[in-house]
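Quick one: the structure is below, questions incoming.
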C-alpha cells in the first residue's frame, strides 16, 4: 500500500484492546446490555430523536441529528452553485445533487476506522450513494438547471441506524439552506434479530444491529407518501414478511416527521429573531 | 462595536466569550462513547471535536520503551466552503504538524507512560481532531480540544500473562492518563504590521497580514512560537504576545479544570 | 451507466405499450428476454459462466484460492467480488468511467450474498483460524443492453454451480504441526450447493406498471426501479431502490410479489438448463465466444 504522506501516521499495525480482553468478558458485557435493553423494548418503539437545524455558521444550511442509541450525525448543505463541469452526467435542464458521507475515525466501536484506507473510502462511497438515492427524489432539481447542490454528512458516533439518521439530517440541512424541495426525506432503520419468531425492530441500536440477521433502511417523503429509499438485506424471508417490515418502517417515518418539522420551524424562528435583533440594533 | 471592543480589550473579550460559549455542560455532542476520550470545543463559531481511540501495538525498534501519539487534524468540506472533500489539504496537514509539534515540544504526555511491556507492547493514542465549523483560529481550538480530550481518556489496565506471554486486558478497570503539562495555544492576527488581535475569526484571518501562535505551559514557559510568514513583528510586540498568552493560559486552564470536575462524578 | 437518449414521443410510445401489457419487443410485463447460458467457458478458472440476456453479455469467472479466514468468522471461507466494466461494453467506461458502476454492482453482490444461507461458507473452511478457501468472483461486462443486475446474478449463480474446488486434507503429525495435502485425483473435488443462491430481479416502474428485464430503452423511461434478490424457494434476501425517482408504498408491495413469482420461475428455468448441460458431461460441444 502506498504511504499516505498527508496524514500523521502511527505504527503500521495496532489492535483495539477489546481483542485481548479476558475471554468471555466482552460478549458477557454485550449480553447484559441486551437483556436490559431487550426486555422492555417494544419493537414498534422509536428511540428518542433529537434534531436541530441551522447550527453551523459557515454552511448555508445545517442540521444535527442524534438518536437515542448514541448515533450522532452532523450535516451541512450548500445551495445552488454553478456546476464546474456543465452537463456532465446530469441530463440537461436539471441540477446535480452531490452527496458526501464521512465517518469520523473514532465513530465506531472497536478498532479505529483508518481514514483514507481503501475499505474506509469504499464504505463512505457506498453510504454517499445511498444518501444520494434517498435525497434526489425530494429535491426539485429541475428548478436548478446547470447548477450543483452539495450535502455533506459527518458521522460522529455510530450507535446504530446511522444511514437513516444521515438521510433525515441531510434533508433537514437542505431545507435549512433554502433549497426547494417537495418534502423532507425521513429515514428510518429496522432490523430483525436471529431466531425464527423474531420480529422486526424499529431504530435498532448498535449491538442489535450487529447481531441482526436482516437489516432494512427506508426513507419516506411523508407528505407525498412516496418511498425514496429502500435498502436492506439479510436472511431470506417471504415477501409478506418484508412487506410487514416495510410498513413498520414507513410508519416509523411518519412518526418521526413532526419532530423534524418542528426543528426546522424552530431554526427558522431563531433566524428571524436574530435578523430582527440585528435590524433593531442597526436602527438604534 | 464588538470588533472595536475586541481590539481594545482582547483579553476581556476573550474572557467573556469563554464564559458564554465553552459550556461546562457541553457534553451532548462532545462526548463520544465509542472513543476512549473526547471533547468538543467552541471558540465563537469555530467548533472542533477531538476523539481519541487507544489501541495496542508493538513499540518501534529504536524507542522500545515508548508508546505512540498520532494526532491528525481534519478540515472536512462540511466545515467550510474553502475546503474540498478528499484527502487532507495543505492547511489540515499544517495543522496536524503543528499539533504534533505541540505534543512533542511540551511533553504533555511522557511517551514512556504509554509503554506497557518494554519492546513488546505499548499504547497508541489516535487523536483525531475534526473541525465542524470553521470560523478562524483553528489552531487554538484544536490544541484546546486535544488537551481536553486527553484529560478524559480512560485506558483499560493491561497485564502480561507470565506463562503464556499474552497480554490480558481488563476492560472494567480503567485508569486516567497522566497529563504532565497543559500547553495552551494563543493565536494573534497581525493587522497592518502593528495591530494585534487575539482569536481571529475566519474573516479577520483572511484580512490579516500575518498570524502568530504562542504555546505556553503551566510554568509560563514557552513551548512553541509558530509564525508562518506574514508581516514581521518587533521583539517588543512578540514579548507583548507572550505576556498575553501567559495570562490566557490561566483562564483556559481554569475552564478545563472546571469542565473536567463537572463530568467526573458520574 | 450505459444509457440511450430517447425523445418524448418515443418514451410515450413505450409507456403506452407497457400500459397495455405489450412491450416494444412483443413481451408481456413479466417476461424475460431469451437468455443464453453456458458454463465452463474459461478453462483456467475454478468455475465460469457466460450469460447473454438480449444484448447484455456477461462473463463470470470464479477462482478458488487458499487464504486465511476472517478474524470474526474463523470457521468460514468467504467470497470476494470484483466487477470490471470494460470499455468494450460502452465507451462511457473508458478510463475510470466504469469504476463507480463497478463498485455499485460489487456492493450489491456483497449484500445479496450477505445472508448466511446463500452459500455454505463453512464448507469452504479447511482449517479453522488458519486456512480457508476464498472464492474470487470476477464479473466482466462485455456488453450492456439493459438489466445488468439480473444478468450478472444469473451468471454468478451459474459460475458458482460450475465451480469445482480441489479437495484437500489436513495432516497433523505428532508435534502438532499441520500440513495440507492436495488430492491427486483432479476429479476429486468439492461442489458448491447453489440451491439457495439468490437471483436478482429488477422491476422497473414505467408509467403505472412495472416490468421485469427492462431493455436500455425501457430503462430510459423508468425513474425508479426496485432490485430484489429472490431464492429458488421464493424468499427475499435483499432489496434496494435504484434510480432518481421515488415509489409509492403500494407499488413496492406489488413489485415484491411480482419479483417473487418471476424469480421463482427464473430459478426453475436456470436450474433446468444447468442440469441439462451437466448431464451432457465432457462430450458437450462448447460454443464459446464465437457462437
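Order of writing sets the labels: A, B and C. Residues in every chain begin at 1.
Heads up, the rule we're going with is that a residue touches a chain if its C-beta (ideal position, glycine included) is under 8 Å from a C-beta of that chain, and two chains touch if they have at least 3 such contacts.
What you are looking at is a predicted structure, and each value in this text was computed from that prediction instead of being measured.
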| item | value |
| --- | --- |
| Chain whose Cα mean lies nearest the overall Cα mean | A |
| Dominant chain pairing [most C-beta pairs in contact] | A-B |
| Distance from subunit C to subunit A - Cα centre to Cα centre, in angstrom | 29 |
| Mean-CA-position distance for subunit C and subunit B (Å) | 50 |
| Contact footprint of subunit A on subunit B as seen in their complex | 28-29, 32-35, 38, 45, 47, 49, 51-58, 60, 68, 70-72, 74, 76-81, 85, 87-88, 92-93, 96-97, 100, 124, 126, 128, 130, 132-135, 156, 158, 166-172, 202 |
| Contact set on subunit C toward subunit A in their complex | 103-104, 107, 111-112, 114-117, 196, 198, 224, 226, 229, 231, 233-249, 252-253, 256-257, 259-260 |
| Contacting residues of subunit A [partner subunit C, same complex] | 122, 125-126, 129, 133, 136-138, 213-214, 216, 221, 224-239, 242-243, 246-247, 250 |
| Partner subunit B, residues of subunit A touching it in the complex | 4, 6-11, 13-22, 25-26, 29, 56-59, 64, 66, 70, 72, 74-76, 78, 100, 102, 104-109, 111-112, 115-116, 150, 152-154, 156-159 |
